[in-house]
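As written, the chain order gives the labels A, B, C and D, with residue 1 at the start of each chain.
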Amino acid sequence: MKVTVTAFGIAKDILNKKQTEVEYSGTTVADLRQQLIQEFPEFAKLASLKFAVNTDYVNDDFVLNSNDEVVLIPPVSGG
Amino acid sequence: MKVTVTAFGIAKDILNKKQTEVEYSGTTVADLRQQLIQEFPEFAKLASLKFAVNTDYVNDDFVLNSNDEVVLIPPVSGG
Amino acid sequence: MEQVYISTDRLSSQWCIDLVSDDGSGGLVMFIGNVRNQTKGKTVKYLDFEAYEPMAIKEMQKIADTAKDRWKLHKMVIHHRVGKVPIGEEAVIIACSSPHRKASFEACEYAIDTLKETVPIWKKEFFEDGEVWVSARP
Amino acid sequence: MEQVYISTDRLSSQWCIDLVSDDGSGGLVMFIGNVRNQTKGKTVKYLDFEAYEPMAIKEMQKIADTAKDRWKLHKMVIHHRVGKVPIGEEAVIIACSSPHRKASFEACEYAIDTLKETVPIWKKEFFEDGEVWVSARP
């Protein structure tokens, strides 16, 4: 499975770019998370890392499609 | 004992004037309250009637002096 | 700095914000009590506020001092209008600032709750067919 | 009517007040989150906010809708600044109105608490000697 992920905040700094293609085994958000942490160990050091698909938060068992808009959501700090 | 009382809000309407002299037997606020209710029975129909002396709330057992600034405080409704 | 203030002129929320703002305060909470166009379904034309001013100022100051002390606020202001107030205009504005927003919320609510219990200010509602001193009767 | 709004321009508290005011609302509560000049004793030069805008707008709208429904508010607005924000200026303004002040206080506090948990906006603090994404690390 291959998806394009978009990153904000510190997640963008960890990827060192705004968007990247990730190829990983499996179909769920949990599988994608595992691959990302393997490639970029800094993700494991965040207070949290959530995922949004098509502008909604999704859980780890969410099954991704290759054309989904996948966004990495590190700890938010608005307000 | 004789004191001058000043009235605000509905208390002023009940007295039909801003200030009045009240002569009463006794020395406390409770005694004054009794005299006022006797002369103006409408005071008994208020939700509450407090007294202030020299810009502080006082209890019924407070002993008045004839030169005190005595003010009738019907239920407040600021805000 | 007008921490507590009673005026026949229209109150200014921007002035209240400016009075409590400083660069070290992260959380600012403001309450504005506006004159409503109806009470219990009956149309209100306007309100008229009367204050026993020296005592009202003293009681408002007590509220601000207590709130600042209890919630470790940076600043609090309490401004109250008197005289005739048209529908939609401000009867009271309370604003406070502190590094922590929870403190500001609690202090602001305490201030308006206490003002309505202790500050010697009275309002009369004017209707098409009469007028009434609010809360006077049980 | 801009109920939820994200902007690089300076926010306006008067505009927020105007948006939630109507003649039937007695109690208006507003929260202003200002940029503080220090964090844990360290001097902050300015903040920079980044938003995932389409989702941030959606989450802000959810908060406003939930608050309006749960506390029977007349209106609620949530305005958030993005980009570089100088010390003392507003990062966020939340205002709401209802006939009952207790509802307005609770709803306004719920809104800012929830915004800080769910809305995808990130702030970076800039110091003399570096910069840091707030809350990113445990």
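Please note the rule applied: a residue touches a chain if its C-beta (ideal position, glycine included) is under 8 Å from a C-beta of that chain, and two chains touch if they have at least 3 such contacts.
Note that the structure is a prediction, hence the values are computed from the model and not measured.
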item: Other chains in touch with both chain B and chain C; value: none
item: Computed distance of Cα centres, chain B from chain A, in Å; value: 72
item: Where chain B and chain D are represented by their mean Cα positions, the distance between them in whole Å; value: 48
item: Centre-to-centre distance between chain D and chain C (centres being mean Cα positions), rounded to whole Å; value: 23
item: Multi-partner residues of chain D (at least 2 other chains); value: 33, 112
item: Chain A residues counted as touching two or more neighbouring chains; value: none
item: Every chain pair in contact, whichever chains are involved; value: A-D, B-C, C-D
item: Parts of chain A lying in touch with chain D, wherever the complex brings them together; value: 6, 8-10, 13, 45-47, 52, 55-57, 71, 73-79
item: Chain D - residues contacting chain A, complex; value: 33, 49-52, 54-56, 58, 80, 91-92, 112, 115-124, 133-138
item: Chain D residues within the chain C interface of the complex; value: 13-14, 17, 21-38, 87-88, 99, 101-102, 104-105, 108-109, 112
